[in-house]
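In what follows, chain A forms one complex with chain B and a second complex with chain C.
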Partner chain A sequence: MSPYSGSMYHGSPLLLPVLGPLTVNRVKGLPAHLFCSLIFVIVDFVTAMLIRATGQKLMSTYHRSLQLLNLSCVQETAGHTHVGDLASLIFLWNPFTIITCAGSSTSPIDNLMIVLSIYGACSGLSSLASFGWVVSTHLSLYPAILVIPVILLLGYGPDAPPSKLFFLKKSNESGGSCPKDKTCSEQKSKEESHIRNFCWRPVLFFILWSLIWSSYILFLSFISLKEFGGLSEMVKKTHGFILNVEDLSPNIGVFWYFFAEVFEFFRSFFLIVFHINILFMLVPLVIRLRHRPCFLAFVYIAIMSMLKSYPSVGDSALYLGLLGLFANELAEMRFSFFLLCGYVGISLLSPVMHNLWIWRGTGNANFYFATGIAYASLQTVLIVECVSTILKHDRMLRNKLTT
Partner chain B sequence: MAPTRARATIHTSFLLLLLVIFLSCDLLDRIIASSGEASEEEFTEELLLKPLPDKKILAHFHFQSTVPPSDSIGHHHHLFPKAIAQLVKKFHIRELELSFTQGRWNYESWGGSDPMSNINAKPPGVEMWAVFDLPVNDINESWKGLTHALSGIFCSSVNFLESSTAYSAPHWGLRTNSSSMRYGALPREAVCTENLTPWLKLLPCRDKAGLASLLDRPSIYKSYYHSQRLQLFSSDASGIILDQTLTVVLQPNVQRNGMPNSYDRFLQPNWSIMSMFKKKVTGQCALAKASSIFIELEDGLATELEKLGAGESWNNLAFDLSVAPDRVIKEHNSMEGKSSSILYEFKVVKYSKYEPLDVGIKWKLPLVWSCPEAPFHARRFLMGSGNERGSIAFSLQPTQSRDQFLSDSHKCTVRAVIFQVVPWYVKVYYHTLQIFIDGRSVPVVDVVEKISVSPSEDKVSPGSLQMMLRFPCDMNSTALAMDFDKGFLHIDEYPPDANQGFDIPSAVVSFPDFYSSRSYLEGNCLKHPPLLLKLQKRTVLQSYTEVLLVPLTTPDFSMPYNVITFTCTVLALYFGSLLNALRRRIGEEERLLKSKDSKQVGLIPRLLSKLKGRTLESHQSSSGSTASSKPGAKWLFKVIFVAIFAVLWHYYSNID
Partner chain C sequence: MVRPWILLLLLLLAISPPSHSSTVHNNNWAVLVCTSRFWFNYRHMANTLSLYRTVKRLGIPDERIILMLADDMACNARNSYPAQVFNNENHMLNLYGDNVEVDYRGYEVTVENFLRVLTGRHETAVPRSKRLLSDEGSHILVYMTGHGGDEFLKFQDNEELQSHDLADAVKQMKEKHRFKELLIMVDTCQAATLFSQLQSPGVLAIGSSKKGENSYSHHLDSDIGVSVVDRFTYYTLAFFEKLNMYSNASLSSLFNSYDSHLLMSTASYREDLYRRPLSEVPVTNFFGSVMKTFHTDFAYTGFSMEPEAHISLVSETDSRRTLGSENAQTEAANHNAKDNCPFHAWLKVLEDKLDNENAEKLVLYGLGSMVLLLAISTLLSV
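This part shows the complex of A and B:
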């Protein structure tokens, strides 16, 4: 029987033979999904380790670039946190992550693939980055937009202060302070090599590897679905299902209720509007944050998990974990207490409202939808604040450099 | 000149007359020829009345029209309804059954194993199935056309069966193997007189004459159960046979003199056609080939009569028939030690307007008997609470009559076939099937002999389950349970009264090991009236389960505008504020701020400062240090203000 007959399964055909047997095999005295949850715990642990490694890379690069700018004092005054450890701990101890594992949702696998792609791009491993990107796109479509930060990461290397600052510093030095002798010019040439140029080699490799991986994945899917309608059926039932928002079961987002209530003749219009909304912000973000591709990836992931058609707490767990990677830069973020309280409040209220509506029948759909709306607003505030804080941070660096 | 002209005109008119005569002779010939054909179109009407053990009366009207195979089907008919013939021709129907039912057939007290209840018990609402004589690809198209045509003919919403979410294609669950069958049911369809009138229009005499004139609307729709059915067989060899049946279970008015006593309490009510239908039979439909009324005493009652020594005569010590029957037909029963049912036949042809027929029965002795039950009683129910998930359970329990069906009930096994269609919003997890025999869980593979499942697809097709079970005869209970999730629908997909819940159509449970039939050996078998031929047919025992009512979660139906505005507001907030954050050049702003006179203070800080009782100046002096947080606070205030406004507005709009 085709895995897609009967509207029950909308995942990848390759995930099914891996996870399917785990949910069926039962050991006496243990719940049926125990093995599945164990797998997800391991996957989450690997994700956390990758986040830690990414954080260490980020730290070292950032440290080096600050030293180049003679701005090590910034680090000393702002405090020095091991962001890798912090981020992985936040990720592992996040209640959302734990709930996702207990509920055997498949989002840990999506998260692992996304983090794999970022890690690969950070460490310059084109094949790994392309593998993560291709698989995560295959699994849940939205990570396709991560191609921009991944290419920037491969081209420019990990996050650094804006390249303008390096030019500024260079012009300052050439303007007067540096005496015109040989050592200085040597140093200058050395510094110039640190002013980052976009190098095409890893990007070309990335594109090549992506082609290889995607054809490989499509080939595997084709083999597993040969008898049941082939790849068109798969695309219709996985990516088509994501884009069409066919399932109107309640989730923590807002679109399920929106599309359950909206008039039928407006449906396609709003589908387009909501999906364009994700794409619309890509370009402005790239323009302002191209020197910080890792942070760009974080913002994209947060936007994705807010505006995707079937959001889950697993997606939130990922971006909240990645938030820890930028602890040093975001130290001055406003509303952090308000946001924390908001997240705690929503995660307590939402299950209560769901229970009241679905199980007890005493509540109303609007109560639950209100928590969804509040959650979306909180995420909006978080994204906007993060972006403006980073921009402010860059501004602060610039001020430090000019004065 | 004038006479010659006149002669000429006479001549031509004579010629014309001759021509007309020739032509009319030709026409007459044709008419005679066609009427010779039409003489083979037949119509018969029958009525069977049967006292039931729970003091109710079953009245079963049976009208049969037949048309022999010919080329003129659908063009010209004398008795056969043209609309039906055209349907058969257009949609290439082999078999069709359409039933409109109100009420539930009571299998415990009205019988489950005799042919009458086996054939005529139908699930509530509309049930329709059809077998087509078409290639597989064209069947769905033909089914859609057929449903529309039938809903037009019968003034009903049969056209709801058109959508692919409403019908399924059972291969072996309902009848023997046929891939060209479609089955659909509308359990909530209300059946009323507007469906009966077009049904009666198909009869050659309508309800103006014959037995159909007995169909008094108030007494029919007052009944406990009524099921109006249309069954059609068509083949190249035998033409089209159209059976129209109406089965009614009535409670006769009890008219007793004096005080009720214990003796009276067990006495069956006396009834007659007049007392039930407020009319008498005033002769047969002139176009009917045969017209007769039967009174059936089922075998349980016949056994009681035999015990009393009452015999078969029409006025014995247990009861009196008001009219002498024309014929007494006794069932031929092969089993020993069991008395068989008795049929009293009355020919309507002998009666007329001046001498109407009013058959009735008057009981003298109280009689208690039980109806022939099916060997197993099938029921279905829902388990679980809440609106997220639940489970459907079937239970099969042996009845008292099991031992009659099974010779050796200790070593044998019994087969049962369950056919179930569930709408797509009840998402059944077929892998969770659990089977319990006598309360103990049994591996599925031990019991299920054959299973075919077609899972439901959201908004496309319903799920259907066909399952053949084999279990030991001596079990005391068999239960099956399957889990399901409840779906969430779009606001337009809910019916007007959404909180009432959704109906899952009845499941069909059949027992291929058991058959029900009557055999009447008297006389020539072929000369039997169509109703008796029908009762003689060997059919597999089957029964329908109850309709299930599944409550589904409902969204707030008054909210579409609010939801659209709220969601769009959040999205606009996200979009606007993020774009604002990206666009803003802080350096330039700072320069602007420095150059600007900083005396202008926003409304809200001023209000706040007033609230706090501070002077504006002191606030201004401190505002320099908190300049960085001011735009954010302003923004937050705006958000809260909009939210409060929205909540208030929603509150007041809901009050209205």
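This part shows the complex of A and C:
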């Protein structure tokens, strides 16, 4: 039977032969889905290890760039934490992650692929990065936007202060040089000041590997679905479902409430508006944050988790874990306590409102959607504060450099 | 000139063997009719409600029960137990409980409505809950109780249903393929005369008394003041209270359980029109709703045969087989269009080679080799 008959399943056809047998096999005396749950635990653990490795890469790049700028004093004054350990611990101990894993949702696999692509890009492993990107796009559509930070990571390398600072440092040092030998001294100083150039080689490999992996995945999907309508059926039921928002059951996002009351005539217009809501933020963020592609990836993931058509707490678990990777830069974030309380409050109130509405019948949709809106505003505040704190950090580095 | 051909055709039709019923039994319906009103006919409503409860307990849902009652007992001014209907003086069972769905109530219980329900010829405004939406795979139980006589049944004190009306309705039902098998159970005086005119195959009928005999009530409830149940229905219920949904007691055991001394009448049944031996038919075929399920992987093609049976198709089912053949035609057309392109031809070859299980195995191997390729490429580029 086609996996898409009946509107229960809208995921990738490749997950079914992997996870299906695991839910069926019983070990004597233990619950039937033990193997399946074990898989998700392992997946979460691997994700945490990858986050730790990414954190270590970020930290080493950060140290190096600060040393090049002769700003190592910054490291010593601020309380310097090991971001890799911190981020992986935040990810593993986040109640959202634990709930997602215990609920046997397939979000841990999505998260693993996204983190895999970020780790591969940070380490310069094009095939790993492209594999993670292709598979995460295949599983849910939205990680496609991560192609921008991944390419920037492969081209420039992990996060560093803005290149303007390197120029400033060079100009400070060579303040007294004679203007005649400008050309050769410029070249020499360019090499000395280690200004990052965009190297195209890893990016080309990335594109090549993406083509290989995507054709492989499409071929496998085609084989598994050849009797049930082929690839067009798969695209219609998976990506088409995400884009068309056909199922309006309540979730923690903002789509369902609106699309329950929109008129048919305007439905496609508003679908476009809601999806462009994500897309129009991409370009300005790239322009402003292109020197910090890992942080850019974090912001993209946060925006995606907030504005996707069917969000879940598993997506939030991912970006909250990645938040820990930038603990040093975000040390002066405002409203952190407010956000923490907000998250705790929302995670407590939202199931209560859902219960009141659906099971007891004493509330209505507005109760539940109010928590949804509050959640979206919390996430907005979080994203805006993170971005502004990073920019403040860069400004602080620049001030330190010029004084 | 034409007449000899017509005669020949009629002769052929007459001598042709009756077509095998090549349909599968896949649903059960119940039409429960109480044809009396007024307080002193309490027992008829109690009969019908008891059977309603039994039939629901054994699995037939409300959507497939048509309940016709005058429904003036439970809230009658004379009822000292308001909103409660009992069928026994020990008052242990309230038949008018939480979820009794009466489809035709009060003055809607007429001969015309009963015949319309059976034949399915309603006006367009009649809602679905009042229609007998059976098909050629249905087993229908028709239970009628009230006051009757020689070849008639009295409906609500002002009209009567005659035995040939009933036989006509059943014949129409058979022509329109509205049942696979029909069980008519009648609890009135001289009940067996009511189904004396039946001729349609696949019909089984049982009545509480023969011609010339009365059917008696079982006992009087001194608290309520009237008789609360009839003997035939009382002993029928006694038989069914021992059963649950999964019992396979047969119809012959039900029919043999009636003792003419206890009933004070002779329960007679008519099985000449019914083809199967009664000892092989479980009572849940009519009174309950347990069915065999076949799991198939292909699309549902309507009233097709059981997969294991190899009965040759008769022409009446050919019209339903066209669905399958249309699919085959469109598939053939698609294949012809695709063969031109070599890529599609190669894909078709691949498709033909792989069947379902191979495809799954191939997908698993593909995923495994993908992971392997990933690991190798990562190690190489490090």
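The definition used in the following text is that the second predicted complex is superposed on the first by the 376 of 403 C-alpha atoms of A that agree within 3 Å, B and C clash if a C-alpha of one lies under 4 Å from a C-alpha of the other, contacts with A are read in each partner's own complex, and residues count from 1 in each chain.
Following the convention adopted for this analysis, a residue touches a chain if its C-beta (ideal position, glycine included) is under 8 Å from a C-beta of that chain, and two chains touch if they have at least 3 such contacts.
Not measured: the values here are computed from a predicted model.
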item	value
Fit or clash between chain C and chain B when superposed on chain A	clash
Touching partner for A:366 - first (chain B), second (chain C), both, neither	first
Touched partner set for A:216, first chain B, second chain C, both or neither	second
Partner chain(s) touched by A:274 [first = chain B, second = chain C, both, neither]	first
Residue contacts on chain A - larger count, chain B or chain C	B
Which superposed partner A:92 touches (first chain B, second chain C, both, neither)	neither
Touching partner for A:296 - first (chain B), second (chain C), both, neither	neither
Partner chain in contact with A:261 - chain B first, chain C second, else both or neither	first
Set intersection of chain A contacts, chain C complex versus chain B complex	none
Chain C residues touching chain A - in the complex, by the definition given at the top	297, 350-351, 354, 356, 359-360, 362-364, 366-367, 370, 374, 377-378, 381-382
Residues of chain B that touch chain A when the two form their complex	385-388, 424, 427, 429, 431, 454-460, 463, 487-492, 553-556, 559-560, 563-564, 566-567, 570-571, 573-575, 577-579, 581-584, 586-587, 629, 632, 636, 639
Residues on chain A engaged by chain C in the complex (per definition of touch)	1, 14, 17-18, 120, 123-128, 131, 205, 209, 213, 216-217, 219-220, 223-224, 226-227
Interfacial residue positions of chain A with respect to chain B in the complex	5-8, 24, 246-250, 254-264, 274, 277, 280-281, 284-285, 287-288, 306, 334-335, 357-361, 364-366, 369, 373, 376-377, 380, 383-384, 387-388, 391-392, 395, 398
